[in-house]
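What follows is subunit A paired twice: with subunit B in the first complex and subunit C in the second.
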Partner chain A sequence: MARPIPATDVLLNLFGAPHQSDLVTSALRLATALLDRGARVQIWTCGDATGLTSAALGDTKPRDLTDLERRHPSTALIVRDLLADHPDRLYWYVCRFCADDRGAADQIPQVSKRSPFLFAEHVKAADKALVMGVC
Partner chain B sequence: MPGEVVQEQARWLLIMEKAYRGSVETQFADALYVVPDLHRQSGGGCDLALRGPAVGYAVRTGAPQPPLRLGGRTLDTLPDPRASVTKVLDAGVTVLVEEPDLTALGRTAADRLLPGVQVIEAYGLAARWPSYEQVWFL
Partner chain C sequence: MTDHLLIESGGPQTGPACERFVGDAVRLAGDGHRVVLFLVENGVTAALPGAAPGIETFLRDGGEVWVDTFSAAQRALPAADLAADVRMVEMDDVAAKLLEPQVRAVWH
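Moving on to the complex of A and B:
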């Protein structure tokens, strides 16, 4: 039985790859700004952006070998905490096909993997959809 | 001296043209992070050339690097390219920028160049390639 898709004000389709530009940061800033205004937001990642919530990342980035005492949170932890900060208002979906294709099939449990065949349903569940980047 | 390893200076030219390749996902591990160690591995022979948008890495902005708030988290570990270039300079790497790329960043860009960064003439970089053993694009 298909899982229901919560109605949201905005769907952010994060298609651009991380480590290429400030797109990921912009998407997270935009999501935070929307949530601060009381909006309900869903984020759908495709392509290499599915790796942002890969379980393999753990909670921290590899240690900075020039500053061993400092810890740097992984994107998986940042997304997990952002979801915890906004229960029932923020949803994070990961394209199952893209995640499988890019070696990121093992995702943190706080996000939901969805078939690309359901993508249009997510678009319909949002008042507005914004595509950020290309796969 | 007997037993002493004498490492020949390699003379590697590292060219960086693409700038601002991620923030939240990158943090300390920006493209400049590896440069001081490449300099060490080369035996102290690396020069770094910043071109195009990457020249902005060597220009002071006048404002401190702002932290980023995402929900309840304040992230103060975003990339700080000016600090990274300063680390590269402190490691002994020669940092070069081409004059037209610097001018393109505005009339005051030359005044805000980080101390120690050298400005070379337009197209001067390619003329220097034969003097390097290796040329890398980072």
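Moving on to the complex of A and C:
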């Protein structure tokens, strides 16, 4: 039985290479601003962006050898905290094909892996959609 | 008449794509649509005087240019160095615009 796709105000599609530019920062800033205004948001990651929520990342980035005492959160932890803060208004989806293809099949449990064939249904469930990072 | 939010993240240094996207904004504004061109990430460099000639035409035709305060600060671009008629904004302003029902948005 197909899992329901919750209706949202905005769908942010992260299609671009996540660390080539400020894409992830911008997406998280925009998502946070939308959530702060009470909006319902879904994020769909494709390609290398599926690695943002890979379970292999753990909670922290590798230690900065110039500042050993400081701990920097991984993107997986940032996404997990954001989802925990907005349990009924933020949804994070990961393209199953892209994740599997990149060895990132093991994702944090708070996100949902979806077949790319469902992508159009997610677009339909959102009032507006932005494709970020590919053109 | 439709409201548009066009978001430019690349800037003039990415080649003709930025120029064409600003050109879309110019044409929409010239046709009488309400258009906001939001510059973010490296796109903020398009707000430097003379960096993207289409910006001046766009402003003259009634378009609004918004510049992301955070992105400009990251690139050490104070508002005083940018074109006179641009508006420095926070992401909250963009979220508010995006959530207006009549607004169509494109991220480039």
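Following the convention adopted for this analysis, the second predicted complex is superposed on the first by the 134 of 135 C-alpha atoms of A that agree within 3 Å, B and C clash if a C-alpha of one lies under 4 Å from a C-alpha of the other, contacts with A are read in each partner's own complex, and residues count from 1 in each chain.
Everything that follows uses one rule, which is that a residue touches a chain if its C-beta (ideal position, glycine included) is under 8 Å from a C-beta of that chain, and two chains touch if they have at least 3 such contacts.
Everything quoted here is computed from the prediction, not taken from an experiment.
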Original post:
Once the shared chain is lined up, is A:V10 touching subunit B (first), subunit C (second), both, or neither of them?
Top reply: second
**OP:** Please determine whether it is subunit B or subunit C that touches the greater number of subunit A residues.
**Re:** B
Original post:
What is the contact status of A:A39 with respect to subunit B (first) and subunit C (second): first, second, both, or neither?
Top reply: second
Subject >> Touching partner for A:S21 - first (subunit B), second (subunit C), both, neither >> reply: both
Original post:
Once the shared chain is lined up, is A:M132 touching subunit B (first), subunit C (second), both, or neither of them?
Top reply: second
**OP:** Examine A:R29 and indicate which partner it touches, taking first as subunit B and second as subunit C; both and neither are also allowed.
**Re:** both
Subject >> Where subunit A meets both subunit C and subunit B, residue numbers >> reply: 21-22, 29, 32
Subject >> subunit A contact footprint on subunit B (complex, rising order) >> reply: 20-29, 36, 68-73, 75, 77-78, 87
Original post:
Within the complex, which stretch of subunit A touches subunit C?
Top reply: 9-10, 21-23, 26, 29-30, 32-34, 36-37, 39, 127-128, 130-132, 135
**OP:** Please give the residue numbers of subunit A that touch subunit B in the complex, ascending.
**Re:** 18-22, 24-25, 28-29, 32, 35, 52, 61-62, 64, 66-67, 70, 72-73, 75, 78, 81-82, 85-86
Original post:
In the complex of these two chains, what residues of subunit C are touching subunit A?
Top reply: 7, 9, 17, 40-42, 70-71, 74, 90-92, 94-96, 98-99, 101, 103-108
